[in-house]
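The block underneath contains the structure these notes are about, expressed in structure tokens.
For reference, chains read A, B, C and D in written order, and residue numbers begin at 1 within each chain.
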Amino acid sequence: MPAFEPADPDFERRVRESFARQPFMTTLGAELVTVTPGRVEVVLPYQAGVTQQHGFFHGGAVGAIADSAGGYAAFTLFPAASTVLTVEYKINIMVPGNGEFLVAVGEVLRNGRTLTIARVDVFGVAGSKRTLCATSTQTLICLQNRSDSPA
Amino acid sequence: MPAFEPADPDFERRVRESFARQPFMTTLGAELVTVTPGRVEVVLPYQAGVTQQHGFFHGGAVGAIADSAGGYAAFTLFPAASTVLTVEYKINIMVPGNGEFLVAVGEVLRNGRTLTIARVDVFGVAGSKRTLCATSTQTLICLQNRSDSPA
Amino acid sequence: MPAFEPADPDFERRVRESFARQPFMTTLGAELVTVTPGRVEVVLPYQAGVTQQHGFFHGGAVGAIADSAGGYAAFTLFPAASTVLTVEYKINIMVPGNGEFLVAVGEVLRNGRTLTIARVDVFGVAGSKRTLCATSTQTLICLQNRSDSPA
Amino acid sequence: MPAFEPADPDFERRVRESFARQPFMTTLGAELVTVTPGRVEVVLPYQAGVTQQHGFFHGGAVGAIADSAGGYAAFTLFPAASTVLTVEYKINIMVPGNGEFLVAVGEVLRNGRTLTIARVDVFGVAGSKRTLCATSTQTLICLQNRSDSPA
């Protein structure tokens, strides 16, 4: 992965505050762990409320934390007065999500002025075992001079 | 869209029971509305718990009901003793999800023995206005002779 | 599909000239057929040079005409002084491409100022039979005040 | 990337013969370079016939060699009596393809009995400079007891 120089030195606070303003992440019980330039990790602990009919993590919940991890990986590199929207994402669920928690590792592949491309790998973690269960690629758009908070 | 003949005449009950076994749909507050051969509609009422930082429906919640609508559209056509898993999906979020509720309309494009392809359009509904806000294409796999319930 | 008002009344000539400037379309033997606001059809006649090891149309050739059909569907709606680039596309090949020719039907789903989303369905045509063999969704970017010709 | 044990010790010959049977790769002028278990590289030299209107590599040609690199990376791991079909692929073109040649590096992420998931990165190479210009994720299906040659 390339090394990135953040446009906003205060990027970590900005990203953490934005994540905290997403009620859906609270609904899921997802937590923002590491935040570095171009790279973010989001953890989703196992609980019945995020599962599907076989007791695995629901594919939609896997997609949701992948979406957040990629979006915030991009947002670390955006200027201070901006916000981020997801243009599109695609996700392959290679094995059903399983374990004590999932961790979605989002990394920026290309940081353009308007569009940023991020890759997210999602791992299921059970004890010391870490299994790649999904991979996603995302296109994010930077909206300049737009607040990241609700109007 | 092509007209489909379901392999299992009792498909509607099977689909509704499976949906009811997905705790994540309850967490979201999503409801399964119409269920016909090759076509399913899932509704997500607006509530703070499914929103992002601007107060719109979270892209991950949009993806989650799209995933369910496509998966269950496929499952209507599967044989009685089978289950469904999502192989992959991709979603374009064309406008931020907004309105009193979202409706995800999942339709099967191609029903193969192993793989089924579904398209899902997600609309935001505000009063009498219905806006296409996202579109998704999905690949689903049919696992024969596998229970749709947890072991 | 929504009805679109082209920004440039001379859109058809602009699209046809741009297509003619793509040597790769000549290499494939692809032809631009209908061009209307937000909708374009590209035909690929069968010939050995565009096939894979089983004698079907190569998935990469299917993807290439889909890419062109979606890109030019978007370009019909762009202003006169602009060009188009593909941000990303995804394609499901539902049945191997077969027949006397393929036709890729590209239609704009959403026409934004910066980004346009198009859907492309690719059909194999054999005699009077038309089979949906692939479907694609694409994200296109409009570069304003940039020539569509090489520098 | 995980290390893979090929099911067929004669995988390299099988892959190279299959590639040689794809007339479309000859049309493009694409060459199969390295072939190791779960990993394949395909090179596309620059020539006018694979370009778009600005003189860059056409997005459809980028997608075509990515499709080949991912499909053959999967095929290295398939049993002797089998063939491979592309179920779907998605590709982000991050910068327009440029340089003396493109190289598509396909790597298997997950090798299942029926489905295999591959990732492909495409680089533009100009002198000693190598630029990541596109990334693709693909779903491939293994058809057992089916010849890889035309009937």
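Note that a residue touches a chain if its C-beta (ideal position, glycine included) is under 8 Å from a C-beta of that chain, and two chains touch if they have at least 3 such contacts.
The model shown is predicted, which means the values in this text are computed figures rather than measured ones.
Engineer: Stepping chain to touching chain, what's the minimum from subunit A to subunit D?
Structural biologist: 1
Engineer: Return the chain pair with more inter-chain C-beta contacts, choosing between A-B and A-C.
Structural biologist: A-B
Engineer: With chain centres defined as C-alpha means, what is the inter-centre distance between subunit A and subunit B in Å?
Structural biologist: 22
Engineer: What is the distance in Å between the mean C-alpha positions of subunit A and subunit C?
Structural biologist: So the centroids are 32 Å from each other.
Engineer: Among the residues of subunit A, pick out those that touch two or more other chains and give their numbers.
Structural biologist: Subunit A, residues with two or more chain partners: 87-88, 90, 92, 137, 139.
Engineer: So in the complex, the part of subunit B that touches subunit D is made up of which residues?
Structural biologist: Checking each residue of subunit B against subunit D gives 87-88, 90, 114-115, 137, 139, 141.
Engineer: Which residues of subunit D touch subunit C once you look at their complex with the stated criterion?
Structural biologist: Subunit D reaches subunit C through residues 18, 21-24, 26-28, 48-55, 58-61, 63-68, 71, 83, 85-93, 96, 148-151.
Engineer: Along subunit A, where are the residues that touch subunit D in the complex?
Structural biologist: By the definition above, subunit A touches subunit D via 90, 92, 94-95, 109-110, 112, 117, 119, 132, 135, 137, 139.
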